[in-house]
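Heads up, the next two complexes both have chain A, just with different partners, chain B and then chain C.
Entry: the complex of A and B
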């Protein structure tokens, strides 16, 4: 495989309701990612984005996002109806060809335009599950219950995760919720959907992010401390919640194995755990020990723009190497109800 | 690029107005199983799945790869979902081919689909709430501009319609079948979007298309002849701004130039033996002939008039009957790519063009702003 590195990352602050169009929100983010890379728009050989029409409530919503890339003259470009982390995967594959060296990856999601708990019901099997209107919070609660019933966690463990996320969020200017709270304080909240309390659930967020990938030696030319993609893989589980053991994540474990997570110690992991129990399931599935710093940004519990959250995790994992001097970090993305699909990206600094 | 890519399996459904006998998953499985059987491979042989479809709102299922993962045997495997508007079927095949060419995967199943009967596509195409014009209403002014510029006689559009409908009669999977099609019948059909008449328009179809792509080892091992990928390209451009030419978009020209260069093609008119290109309304055949470099500017229509693009012509275009005959939107681009594969493999049956060594698959989308193309050959790159 050709070595590919992340050399820059930018994100918009996650907001409960952005007062701009998706394109307007994206433009400064893309511009910033490009400027930070020291490269120009003309250097970009491939562009790939991720978004979901349904969030914007309009078919072909992604088309207008092309405006934010300035696609003239015409660009070599593709789009996935998925989290931007999967667009990053596609761009990484594209860079393996060797004919282009630089890729722009971006994603955006404006969840405030509709009712997320209604909209995400449409991700379910349209014939058998969707008519039940089982929303993503309720399905997450089923998974949390499975974890508790299996004796793998207590409710206080969930609140510990939620409290740490809020405390970490205090240092993250892009966080939507944060605070110096304890697990005990959060445990006193009434349930939202038992056994999940409001603090166990993510905020509804609007946001955008962009990443520049550079292949080969050129990455070192443009970036003082690039983060090399040492392993990247994604896997999916069966769709029906009843088919799989919800207390664990087979697809996350498989993706981690294929991405070589266990090959060397991970210092920091940014996990797209939008619900507190998901962090516990993912820690276990990815084989992350207690010594791994998980979600120092606060993670998806403090800012969760749909279709962007995963790309932000990889971006934060990049920042840990690029800005904080870490050697080996992990970014994770997920899609679908109950962590159905998982992507794992292992980043390394030059040793 | 570390690996060669071969198309070793092609499958499609019989495209019809309403497939109410199967679910979405059933529809995709039908095409996928046919592709696997053609490739003489099984579900377990597949190491990655890439699907594509037009906007989710056409069927009302958000990110359907999640629901379809079970039916496509993707559990424990990677699955991706591509969406690039009308070009999506082509882009999906290209994303799948890149997984092979990069050496990341060895045997990829790629599937594109649309089940228009489960939703209201014209509503969706019109941007939902804005309601009304549909794709024909959007493209008709571009067609009028083409006719004004090229001074093409109006019967050229009817000729394309007759040709593609005759070709469709030779393709058992084609949706629209008009046995007694004639120029007069097209001419007398109702005007839908001036100058596009009803019989010059594509139908709304339910359908799916699937392909199995492998690396060189897989291509060599296939018992049926594979189609080898010699070039892939995608281009996107802004949909609206002064100075853009939507009749002859630069994105299409650049995409063609890129894919020809990869395949070492300097004279496409001479070196390409069959074309499957995305013609949802008859006039797009002459328009794309110019955009793709098969004819000089303003002369694309003469290829149609002279019978060059007919099944027995020198450059047969849409031997399958094309989008004019079957339009499961999300799958329509992949059908072009897959039919190009059938042509170079010599497996197109009754609509086989004689002696095809090189074929072009073409798809476009959005406001004529997204392009996807590939060049296939019977010989290895």
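Entry: the complex of A and C
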């Protein structure tokens, strides 16, 4: 396999409602990621983006988004109707072909235009769950209940996760919610959808992010401390949540095994756990011990732009290596209800 | 099986999603000019292309544009492409007769504006290169919000032929959409 590294990352602050078009929101983020890489737009051999037109409510919204890349003369590009982390996976595969060395990955999501709990119903199967309007918060609550019923966690454990996310969010300028709160304070909240309280659920966010990937030695030329993609894999559980044991995540465990998570200690893990119980399920599935610093950014509980949250996790895992001197970190992304699909990306610094 | 014992073959399922699209400041500024009867664009300081409505940046040069780059554009132009639509009478359809939507290259703009209604012209007479001018709504009927965030609002109801000689293909051959 060809070694590929992340050399730069940029993100827009997560907002409840951005005051720009999606393309205008992307423009400074993509520009910043390219400038930070020290490379030029002409150096980029492949561009891949992740977004969902249902969020914007506009068909082919992803095509307008390309205007933010400066796509002239015509560029080689692709798009996934998924989180940008899966676009990063496609770009990583594309760089394995060997004919191009630099890839731009970006993603954006404007959830503020619609009702997310209605829109995300459309990702369910159209025969059984869609007619029930089984929304993602209610499905998440079913998963949280499965975890509690299995005796694997208590409600106070969920609040511990939520409180730590808010405390960590205080140091994250891109976080949408944050606060110096304790689990006990959050436990006193009324339920939103039992057993989940509002603090166990993510904010609805608008946001964008971009990453530059460089293959081979060139990554060291442009970046003082690149983060090498040592392992990356994504796996999917069955579409219908009713046939799964929701208290665990088989797909996350398989992706972690294939990405080589256990080959060496992980120092920091950024998990796309949008609901507090998801962090507990993922910690277990990924085999992360108590010594692993999970979501120092606050994670998806404090900023959750749809289609962007996973790419931000990988970007934050990159920052831990690039800016904070860590040696081995992990970024995770998910798609679908109840952690249906999971992507695991292991990053390493040069030793 | 239903309660009556019949086999269920079809199940109607009405799906409706509502969106609220806010108009970005750049587009709102354009919209205020439209309300006042003025079509404006942003001229790229690098390549001098004029964007109507403005995007806030030039996607070719990838440089930002702002109010300082605003230039007036006429409300007259050329049909570069068009489609005749035959309205299917689905729920909520307000159109009853065939009508045409066109892409129009305004004089002074570097790109077309799309989906503009053609007025006062028999459908078979529409052609590429046909010169048209805007039909403005009365000032008290100009709504700022077009629901799409573009900024056009409802200031222009459509475009009608001016009767001038057609523009040649050299004017529109680079503007098919």
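The rule is short, and it goes like this: the second predicted complex is superposed on the first by the 351 of 351 C-alpha atoms of A that agree within 3 Å, B and C clash if a C-alpha of one lies under 4 Å from a C-alpha of the other, contacts with A are read in each partner's own complex, and residues count from 1 in each chain.
Methods note: contacts are C-beta pairs under 8 Å (C-beta built on N, C-alpha and C of every residue); 3 or more make two chains touch, one makes a residue touch a chain.
Bear in mind that the values here come from a model prediction, so they are computed numbers and not experimental data.
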- request: Could you say whether A:71 touches chain B, chain C, both of them, or neither, answering first, second, both or neither?
  value: both
Field: Which superposed partner A:337 touches (first chain B, second chain C, both, neither)
entry: first
Query: Looking at the overlay, does A:63 come into contact with chain B only (first), chain C only (second), both, or neither?
result: first
Query: With the two structures laid over each other on chain A, which partner does A:53 touch: chain B (first), chain C (second), both, or neither?
result: first
Task: Give one of first, second, both or neither to describe whether A:182 is in contact with chain B, with chain C, with both, or with none.
output: neither
Per-residue contact with chain A, leading partner among chain C and chain B: B
- prompt: Touch check for A:113: first (chain B), second (chain C), both, or neither?
  reply: second
Message: With both complexes superposed on chain A, which partner does A:156 reach: first (chain B), second (chain C), both or neither?
response: neither
Task: Go through chain A and flag every residue that touches chain B in one model and chain C in the other.
output: 54, 57-58, 67, 70-72, 119, 122, 130
Statement: Counting only contacts in the complex, chain A reaches chain C at residues 17, 19-21, 23-24, 27, 31, 41, 54, 56-58, 67-72, 112-115, 118-119, 122, 130-131
- prompt: Can you list the residues on chain C that touch chain A in the complex?
  reply: 11, 13, 15, 17-22, 24-27, 55-57, 59-62, 64, 148-149
Message: If we count contacts the way the header does, which residues on chain B are in touch with chain A in the complex?
response: 1-2, 23-24, 54-63, 65-70, 74-85, 91, 94-95, 98-99, 101-104, 118, 124-125, 127-129, 233-239, 241, 244, 249-251, 254-255, 258, 366-367, 369, 371
Query: chain B touches which residues of chain A in the complex?
result: 1, 47, 52-54, 57-60, 62-64, 66-67, 70-82, 86, 89-90, 93-94, 96-99, 119-120, 122-127, 130, 233-240, 243, 250-251, 254, 335-337, 340-341
